[in-house]
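Please find the structures below.
Below, subunit A partners subunit B and then partners subunit C, in two separate complexes.
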Partner chain A sequence: MQFVNIYLSMILLFAVGLSATPLLRHNLKLANIFAHGIATLGSLAAVLCASFIFVEGPQAFSIPVSLPFLEFSVRVDYLAAYFLAIIGIAGAAASIYAFDYGREYFGRRFMVMAELYLTFLLAMILVVTISHIFAFIVVWEVMSVASFLLVGQEYSRPANTKAAYLYLVMTHVGTAFITIAFLLLWKTSGSMDFAALTGWRGDEWTRNAIFICSLIGFGTKAGVIPVHIWLPKAHPAAPTHVSALMSGVMLKTAIYGMCRFYLEFLGTGPVWWGELILLLAIVSAVLGVLYAMMEHDIKSLLAYSSVENIGIILLGIGAGMVFMSRGLSSFAVLAWSAALFHVLNHAIFKSLLFFGAGAVVNATHTRDIEHHGGLIKAMPYTAIFFLAGAAAISALPPLNGFVSEWLIFQSLLILPEALSGVAGKLSAALLISLLGLTSALAAACFVKAFGVVFLAKPRSVSAAEAHEAPCLMLGSMGFLAIMCLGIGFIAPWLRVMLQSILIPFLSAEAVDNMVGAKWYLLGAQSGSAAGGLSLPLLGAVFVVGLVFAMALYRVCGCKNRLSGETWTCGIVPAARMEYTATGFSGPIRRAFGKILRPRTETVINRNISPYSGRRVIFEVHITHVFDELVYQPLNRYIVKLSRFMKEIQTGSVQLYVGYIMVVTIAVLIWSTRW
Partner chain B sequence: MDVSFLYMVGQAILLAVLAPFIAGLIKKIKARLQNRRGPGIFQVYYDLHKLFLKDSVVSPTVSWIFSVAPFIYFAAALGAAALVPGLTSLMPEIGSRFVDLFMLLYLFVLGRFFLALASLDAGSSFGGMGGAREMFIAVLVEPAILLALLTVAFRTHSSGLTAMAGVGADESSALALIFAAAAFFIVLIAESSRIPVDNPDTHLELTMVHEGMVLEYSGRWLGMIVWATAIKELVLIILFSTFFLPWPIVGWSFSAKVVMLVGKILLCIAAITLVETVTNKMRLFKVPGFLAVAALLGLLAIVAQ
Partner chain C sequence: MEELIYAALALPLLVGALSMIIAENSAIKVLNISGSLLTGGILLCITGKVVVSGVFASSFMYVDALSALLLLVVAFLSITATLFSASYMDNELARGRVKLSALKRYYALLQLFIFTMIGVLVVENLGLMWVGVETTTLASTLLVAFYFNRSALEAAWKYVMVCNVGILFALLGTIMLYYTQVGVAGTETAALSWTALRAISTQLDPMLVKLAFVFILIGYGTKAGIAPMHTWLPDAYSQAPAPVSGLLSGALLSCVLYVLIRNLVIIQAALTTSFVNYALLAFGIFSVAIAIPFILIQHDIKRLLAYSSVEHVGIVTFGLGIGTHLAAYGVVLHILNHAVVKSVLFYLVGIIGQQYGSKQLSRIRGMFAVLPGIGAMFILAMLAIVGTPPLSIFMSKFTIVLAAFEAGWPVLGSLLLLLLAGVFAGMMFYSTRMVFGTAPRRFVRTSIGKSAIMAVSCSMLWIIITGVYLPPWLQQLLEQAALLVARRG
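Take a look at the complex of A and B:
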């Protein structure tokens, strides 16, 4: 079986789906099954392609297209295959989820959504496999526009259209920078094929320019602070399965772009490249999770937590680049593999959390967690899957998030080897402690999210009437929850795989091949003399503890259990007495007040009842620093510029003819001089 | 797995048995310092015995999270007791290479995560308030505890606890050691819910942090939580004694090492009780400043190294 055949049949599958789905528009049920069935099969085909690469080695082929500049050349190396596998896994889960979830959209432009969903999925698959500059930019743009239209799916809400247009503007700014970076590459190397760009060496200025442009371009797509503003608005607005793919996978295509540029095209650069990325990374991580903590729209909370996780991934990439520029290639492998591992983990648990959130929103018809509560009783399976995702994203051992954060911690711990002196030590210590702060905040954030949504009594009528999600939605959540549990334990194998991805780029020796002899150990450094992480050991210790606790409970304890209402100082407990999300995040809001700058609004109405009635409306708004510092002044400047332009745009035809005259004369004068 | 796993389990059980004694000792010394006679030093064992024989009162509002959380909290504390370089650091030949600093710290996070969830489960504002404050203090503690421990970890270039215990508290950089020890001591007080950050003896509204969080628990579950908290405190004290109290124990005879470790633990207990006696509970929003001092001391230690 040739790779070309599998790949092209995958494309063909999507093409059939895209062209045949509109024919079924009179039977929405059938269209739903057909479109999402094709999407599932296509995603599985992507996984098949990726596993083919890992078995048979990198593949490339090219099909000439009779268009100028355009060539359909595909090259799937290990790096591309890894991202392809992530897209396939998350895409398959999202498509299975969409069988049930899509029914919500019957009669609400379902056909458009299904078509766009297929386009979006296909475009993401093409982005990571295409190896031609022009074709890459085209599919990148298709991916952006398809996701923009999906964000605007529910266009009747003004907030959604606003988010969609903000996304469109930001993503085009990003695409512009990516295009500049690619054009610079093309101009200096003379080739549009990725393979010819490998090991390209330009002069220092061009390299720096390409670095900055690609960082801004891909950073915008990845949602790195300060160019993140579209992300927390756009991701929640899209339908849930698309939100999950946008947060879990589309951001990763930007990480893929960064890997391509910094590992392959640019290669080893000056130290400040890595340092700049580390700085952006830690700002994104800390601010992202702080804003997530303050959110009580469940989907916005998850979107902000994506900003945090992109920050964690970039910490690994930044450390890897610092090691590369110092020639410490085995450390670079560690840092880069930590980043790539977190890419996979985030794709899994973020998709899972979005699916859970979507099920909750479907059941309660509100995204505000202050109106949820008590859902663990109505939706027991959703609750347990969401809990698995929340525990994984809070880096609780022994789930997958813990393993990749541990690897990131390890790569930061050896950062002083590359950055010598007190400054290096100090910056490594600050990065580690701020990463610790980030993960503690993430734990607090997801205690809040899970506790307020699922525990205690229902806080609203709609939450009290909630019902469990349909079985296919639960199935795809359960699949991802099992992956959250399992991936930590197969980490040593994955680590070997990640090394095989990275070693061609970093010309490093294989660090650890502990498969076989020490299957239970995930070593950090070469030879792993200094120790490592053994998840089975941790699991065993924990299980022994659990068994001990159970034995204690069963054997020694008194078995009587009485039912008694929650103690509320003698009043009958009600849902209004529960601790709210706003209250839960209160101490943190106050302690980080310098960054968050909360503004409170309290409205007290005393005219409800002459005896005791008093209605208090309390609201807290936080200020987003970068909105105020960067985007609002920029916005004002653009509006001012537009006002100035309005002066010239009078609408009078004579004046326009005059403009044309002036320009023509100017061009004539200019052309005669040469 | 190798034989060190069995030693680790043995150490966990030993520490679990000893932990209530240490908690009782702290209570006793504190009482003596306040001119009270105080309860006997075995009082915590009697309390645990009593709690295990009592009926549990459970609110009808709660879900399975409430009944699972004490087990996870207890197992996490016991796991931390297995990983801490106590006995295993006394006998380097059995010290496992696979115990890791982040493993230990994140076991604490695991236990706290579930206990905080359980505090929201019963639907009372007392529990929620306690849980919110506990997570808040945990957020502030995390950077400080990492900075303090990094002074040791940077010297071994790894976060392996056995390797760290090997170089822990050698006197090559006394100034750094003093700063780091001060930083970790502040963290120790905050993590074990003691005055001036929290008050372990009461759950009044003003001091409502850890005790507020577990307010809804009773009977066996409360017994497990009390016990696990004692284990957690002992683990932190051992960490402090191994890494930050000077006089390295490498190369001593086994019995001398044990005496040394016990001496260090007693010293640490004395310091904790002294602080509890001479300071007042501070306002909740003064705690960030208090822990920022710890973080700054940790940074100073790294600079001074």
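Take a look at the complex of A and C:
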């Protein structure tokens, strides 16, 4: 069996899905099963392709197309295969989820959504496997446009139209920068094929220009602060299975692009490259999680949390680049592999959380968590799976999120060795503490999300009438929850695999150095002999401890169980007494008041007699710094400038003829210089 | 071959004359559609012959790959325009905006307009080309003024005034070229013959040619809509009936660019300095830049598209300024792609305008909800015009940017890309508002007409297919045309 055949049959599968789905438009149920069945199979085929690579080694082939410059060349190395596997896993889960979720859209442009979903999935698969500049830009833009149209799926809400537009423009500007970066590479190397760009060497100016352009371009797609503004608006607007893929996977294609540029094409650069990325990363992580903490829309909360996680991934990448430029390859391996590990983990738990959120929104018909509450009783399985995701994203051991965040922590712990001067050492220490803060805030954020959504009493009628999600939605959530746990346990082996991805880009010797080290103690003892602990042993200790505790509880625990209403001074407990999301985030809002700049608004209705109780409405709005300080003034300025420019065309023919005269004279004068 | 050219020239005139005589709407429609199909067929034959047997030249006819490519554009657009006109004018008749007598005049002028454009493309002599361009102005002015209301007349007046100033400049430039020709070859040779001029182009007096270039660029640039001589264009495009706007922006603009290119071939060979390149690059970038504010803040959908034409002329001019073979290929491909995409956009806007009863951007909302098919085609065509892959314009736009990088102008290439992103922001802002959201409550859907749907979907198919596949004969034609356009040496 050849790789070409598997790969092309995967493409063919999607092509069949794309062309045959419209034929089923009269039978939506069948169309739903067919389209998402194809999507599931296609995603599994992607996983198959990826595993083929991991078994047989990197593969490449090329098919000429009858257009100038365009060539359909595919090259799947370990790096591409890793991202392909991530897309496959999350794509399969999302497609299974969509079997049940898609029914919500029957009669609401379901066919268009299914077609676009298939296109989107296929485009993402192509983005990470194609190895030709021109073709890459084409599929990259197809991916953007397909997801733009999916964001506009529920177009009757004006906010969604704005979100879709903002997303489209931001991503297009990003693509322009990516194109510039690629064309600079092409200009100096003379080849459109990625393989020929490996180890490309150019002059300093070009290298820096490529770095900056690719950082802006891919950073926009990844949602790095300050070019993140589209992300928290666009991700929640899309249908949930698409939001999950956008947040969990599409952002990762940007990370893939960065890996290609900074590992393969540009290679080791000056230290400031890594430092710049570290700066952007920590800003994204801290601000992302702060905004997530303040958010009451459950899908926006998850979207901001993606900004935070992209920040964490970039911390790994930035540290890796700093180590590379200092010649500390072993540490670079550690940092890069930690970043890559977090890419996988974030894809899994963010998809899981979005699926859970989608199930909740389906059941309650609102995204505002202040109107949820008590859903654990009606939706116990969703609650458990959401909890698993929340625990994983909060980096609790033994789940997967812990492993990658711990690895990134360790690479940051070594960072002071690589940064010179007092300022360098201090800022490295600051980075570590800020990452700690981020993790803590993330945990708080998800305590809030889980607690307010699932615990206590329902706060609205719709929350009280909620029902459990259908079985396939639960199935895909359960699958991802098990992945969260499983990856936590197979982490040591995964890490070794991840480091082997890096062999072509960093020295093999450095990779070997790190493979021997234990993952949980890397920072302290890299290179030297590791301690005697091993993960299976830890697992065994954990299980034995658990059994012991259970036994202890059975034997010595309290025998009498009484259940009754919570005592509330004689008043019947009601949902209005509960801790709200606003209340929960209050302390943090105050502590970070300088950054968040909350504006509170209290409206008291005095028309009602004070003896029967007043109606008080309390609202808090936080300031999104970059929105209000950068984008809104920029927008105003552009509009103002445009209005000013429009003055040149007032409708007077004399003036128009005057322009022609002036230009003629100007050009004639100019022509005398030659 | 010569007979075919004469047939292609005579047929529109004949159909136009007959349209004046016939008294019935349906007969006029059948006559015009079949006439255009026949003319288109003949033009395709000419193109095919050029592909197979190369350049055709007679005493004053000359058809090479470049003119064949433009003839292809005119053929395709005249077919779609007449097809679209049939439904569009039916609707206008039904609404009482147009009377039957005016309809006859419309079709006669339309055919006359097509005739003048074919005329520009088949003549060999630069002087005759100038005459051809002038006659296109005359024919199209009356079409712009077709509705005979205040704004249409104003637009037509601006059009004819500004363009005539420009075209006089072009005449001056052409006369200067003749003067240099006489200086080298004497008065015996055929005056202003393109082939004769090309043969002696390296011996022409550079100073005079440079002067001629300035006047020719400004002159034809006015007619093509290069900024800052584009000022007549938004009015004319927005006031003309939709099919005419499509032809003006798609076909006429391409024809004027063709004439400019013919002149440039001679000028670039005569001049040793890179002044021509710098001037073209500057005008190109300026045209793209000047379009942005007008695209960002706009209230009229047809004016929006008109400024987009200014932007695309800018891209073509920029490509001409680079002058390498790659850029030349991008230029000819871009002319072809822009013609198809812009014409279909004007047709779609014609349909939308009739459905919503307005060209105001603020009134057109929620097309996905009430006109899903048209809405989908509109957003697709809009994405195409701003150069989104894998649709056709992306190919040519990317080629031109690529050429800029290749020729050693990475900064200019990057600047163009970023300016285009600005255009993208404006165009998509209005497009998303038009297709998304909810329709106005008073919206009543009326019938669209089969022939309009046919014209639009033909063009849409073309846009989608040529984005990923160019037939070999077209590829060959483009390559040959690019060889002509590219600066030698």
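Everything that follows uses one rule, which is that the second predicted complex is superposed on the first by the 596 of 674 C-alpha atoms of A that agree within 3 Å, B and C clash if a C-alpha of one lies under 4 Å from a C-alpha of the other, contacts with A are read in each partner's own complex, and residues count from 1 in each chain.
Operating definition for what follows: a residue touches a chain if its C-beta (ideal position, glycine included) is under 8 Å from a C-beta of that chain, and two chains touch if they have at least 3 such contacts.
From a predicted model like this one, the values you see are computed outputs, not experimental measurements.
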item	value
Partner chain(s) touched by A:456 [first = subunit B, second = subunit C, both, neither]	first
First, second, both or neither for A:586, with subunit B first and subunit C second	first
Which of subunit B and subunit C A:339 touches, first, second, both or neither	neither
Contacts of A:437 with subunit B and subunit C, given as first, second, both or neither	first
Larger contact residue set on subunit A - subunit B or subunit C	B
Common interface positions of subunit A, toward subunit B and toward subunit C	none
Of all residues in subunit A, those that touch subunit C in their complex	65-69, 109, 134, 137-138, 141-142, 145, 149, 152, 155-156, 158, 160-161, 164-165, 168-169, 172-173, 176, 179-180, 183-184, 186-187, 213, 638-639, 641-646, 648-649, 651, 653, 655-657, 659-660, 663-664, 667-668, 670-671, 673-674
Touching residues (chain side subunit A, partner subunit B) in the complex	376-377, 383, 391, 394-397, 402, 405-406, 409-410, 413-414, 416-417, 422, 425-426, 428-430, 432-434, 436-437, 439-441, 443-444, 446-448, 450-452, 454-457, 520-521, 524-525, 528-534, 536-538, 540-546, 548-550, 552-553, 556-558, 560-568, 573, 575, 577-579, 583-588, 590-591
Touch list for subunit B against partner subunit A, complex	1, 5, 8-9, 12-13, 16, 52-61, 63-65, 70-72, 74-79, 82-83, 96-100, 102-103, 106-107, 109-110, 112-113, 116-117, 120-129, 131-133, 135-136, 138-147, 150, 153-154, 156-163, 215-216, 219-220, 223-224, 284-285, 288, 295, 298-299, 302-303, 305
Residues of subunit C defined as touching subunit A within the complex	157-158, 161-162, 165-166, 169, 210-211, 213-215, 217-218, 222, 228-229, 231-232, 234-235, 273-275, 279, 290, 292-294, 296-297, 329, 366, 368-369, 372, 379, 383, 388-390, 394-395, 398-399, 401-402, 405-406, 410, 413-414, 417-418, 420-421, 424-425, 428-429, 432-433, 435-438, 468-470, 472, 475
